[in-house]
């Protein structure tokens, strides 16, 4: 299926401010970018590079005053994410090298503190995919999804002490539990067509049965088109924008996602 | 300045045929892609990856029958390439690691055969940028630029035995001579606004004075906007399409390049 | 100067256990490995790969029973680390791409929580190297170095609430403060000749004045030979061994470091 | 099995001369380096980096006068290379991304010129491993292995016009034919225990049946321990030393390979 997604950001920057953006979905084996737009107003010099997770990152200095970024993408992606109940746990010694960083604890996923809790949650479940499902079910049952409440990023430990959380932070908890079971897990930030209210979304992927599978603690099932914008260990790696120096004001952020017909020429 | 460039390719593929395309200019420190389009007709699954030179490459299997690729890009680039007469030769031991592959001989740039000729051409010139200029001047004086005559790729040695060549093959000769002098040199394929007749273009870059500079044996000076599509050691690395299996027919190839106003939202 | 360093690890593994080791110092621009030994007893199959920080990592499955790793290295390194009082702060937009991951918060360096504290510590100091020195001085003045007390890894926030810490955790605090000031900072684990008692050591590097400089909150000055074994964002990235599955017993760990004559053949 | 291999190089360098060496076998999934030595006489500063093929490369400037490099390695490797008669051809669209550069023509493997010849050689053979075997058989039947005669590197085309060749150049011919059939093939330079007279050796690997397999046109079968020192597209990528500037004299080159007992501590 084809989706059209847009993200508009507008800032008030009192002084010239360096930014790092991560707002360009890449074509890969799960999605194909057919049309894309990335307009800066005012236009400033930009340098793009690829980070160690494969994300396309844009570096620029926003001038003093109003500064806006408007991106959009026409992209082909799956109608629904793949599922694979029963997919096996991959022994650590068999994991591909590039999955190993996703076994380690990270800023917002303190996997080293979740061994007992994760073991408890998955008691009775077969190692692998089904453990991930058990973790997602546990999160859904114990945390209330409260979109729009997440000004401050909460780590898995912090989410664990609360009753509600945003998508990003619930993903942190899921990731920390997976890693505590030696299942590689990574954060994904992206577009999701059914989000209410519309916003950027975050979920996670776990490596079981020989590939990455999508898990989403805040959305009820695996239906619906997704567009991955960035991958990383947790929210620290995949901020759609990182701003350096004195804080600037985000005046406006609009996200829109809709299905579209196949593009033609 | 802003440029709008398009490339349209149409094939007749008797049987399903694997292709590798390299048709997506990247944003980098010299150019910024603001809008882009990449439409396949019919639409087929594509996987994109980044090769070791940083090029975005698209892998797909074209179905039997007609198959077309239409790409376009809105891109900001410089009005004219930088020049730096007198820029110094960088001692081999000071070269950045990632320039070293561009010192070695490659399929179409047999640098190992050009030591004497290169030394002879640059006699009396200061090591570095001025040597590159001398090489380009030599090529211009001794070879006639004959666009459209290059069905078969000619290596530097082969160009050396002929009186005329296409842009790609004249670049091969320039690259081979630079490398023979221990100056890293790489092939660039891309768009150039002043080409007559319009087509894709090829030139080369040499690493002197601490950065890459543009050299173009077939265009008279450094004026004019350029868009790099792909970088590599020679034409073998930067084919805009590589087709595997039985040969297919290229029915049509159209390239267009024009200046445009700055995009806005 | 030349150093000979050895690390011996012995484990009791009740069941076959996957390990990830990071025990092979690399030759780079600061150190040259002239002789090296890496003996596993019993000998088991090993696969080595390079992680995203450039570290050589060894993957293996330790069999049930006693398992030991004995590594040694003859290496040339500097008599003392370089210092550069006054070296300037590098504007974020000028930083090399590969330093950017070292600006982000990480598992044990919650840089996002240290903006105020770091700003307070460096009041009056010139941006760059001197700020790093002020941070190191602050740590030395407020925390007691207590080698051997660090069974559990403490993050910068945790160190901040304590009066004493080990080298690794004091480095966490230094790194978090540097990053809070937009100075890239990374963890180094390695050998240091003057350690009392001898052990593996940890310090950090900050990117100022256009290169990485060594800072060591627990050692009084920059004298003494150092051998870097691994680089990373914090202790999570540079564990000399990571063990998966049920915990195993480390029976013995011996580290020895001494100066040696230049090797000859 | 365990092997001990040494390589000694001695040069007479009239003036200080930059060198690039590739003399450090890496541990990987096929071999494990347990002890290693790399002594330069006189000792000079060295910088090591990893090239795009994963080879460890050493950069240095040899001072005027005598300069020698003595390397040795204790390494575990297989008694004999794996064989897999019947292993299937991997469709181009299924090949891993990192095998694709080994499909392209390169300096000494002009695969673009071998389509007809390769097709003719493999007539009647099943696509994949058996085609590679047919190619190796063809080379053995038509070219005489003449060790020690290869001062100048010959490309596949050049070998094709001769009756005899060295191991390196016979590998070029095998590689060119494989690539012409869309089978990725790469050059390996390394140690081989049964070589007569002892020297460094070269062979090639082809990617069939989902992995790389060893093929050696100059040695009768797959018996015998091999140590890979470097991988590349052809001899241009894997020169054990590349010397820049005026030619220097190689006074002596000694290679020794022997089996050894498992190392212990």
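We just call them A, B, C and D in the order they show up, numbering each chain from 1.
The rule is short, and it goes like this: a contact is a pair of C-beta atoms (placed from the backbone, for glycine too) under 8 Å apart; a residue touches a chain by one contact, two chains touch by 3 or more.
Since the structure is predicted, the reported quantities are computational estimates derived from the model, not experimental observations.
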Which chain has its C-alpha centre farthest away from the C-alpha centre of subunit C? B
What is the distance in Å between the mean C-alpha positions of subunit B and subunit D? 30
Which whole number of Å gives the spacing of the CA centres of subunit A and subunit B? 36
Could you put a whole-Å number on the gap between the CA centroids of subunit B and subunit C? 43
In subunit B, which residues are in touch with two or more of the other chains? 49
Would you mind giving me the full set of chain pairs in touch? A-B, A-C, B-D, C-D
Residue set of subunit C touching subunit A in the complex reads 18, 20, 49, 51-52, 57, 59-61, 91-93, 97, 100-101, 103-107, 109-110, 112, 153, 182, 236-237, 242, 244-245
Residues of subunit C touching subunit D in their complex? 8, 26-29, 32-41, 43, 45-50, 54, 56, 58, 68, 70, 76, 262-265
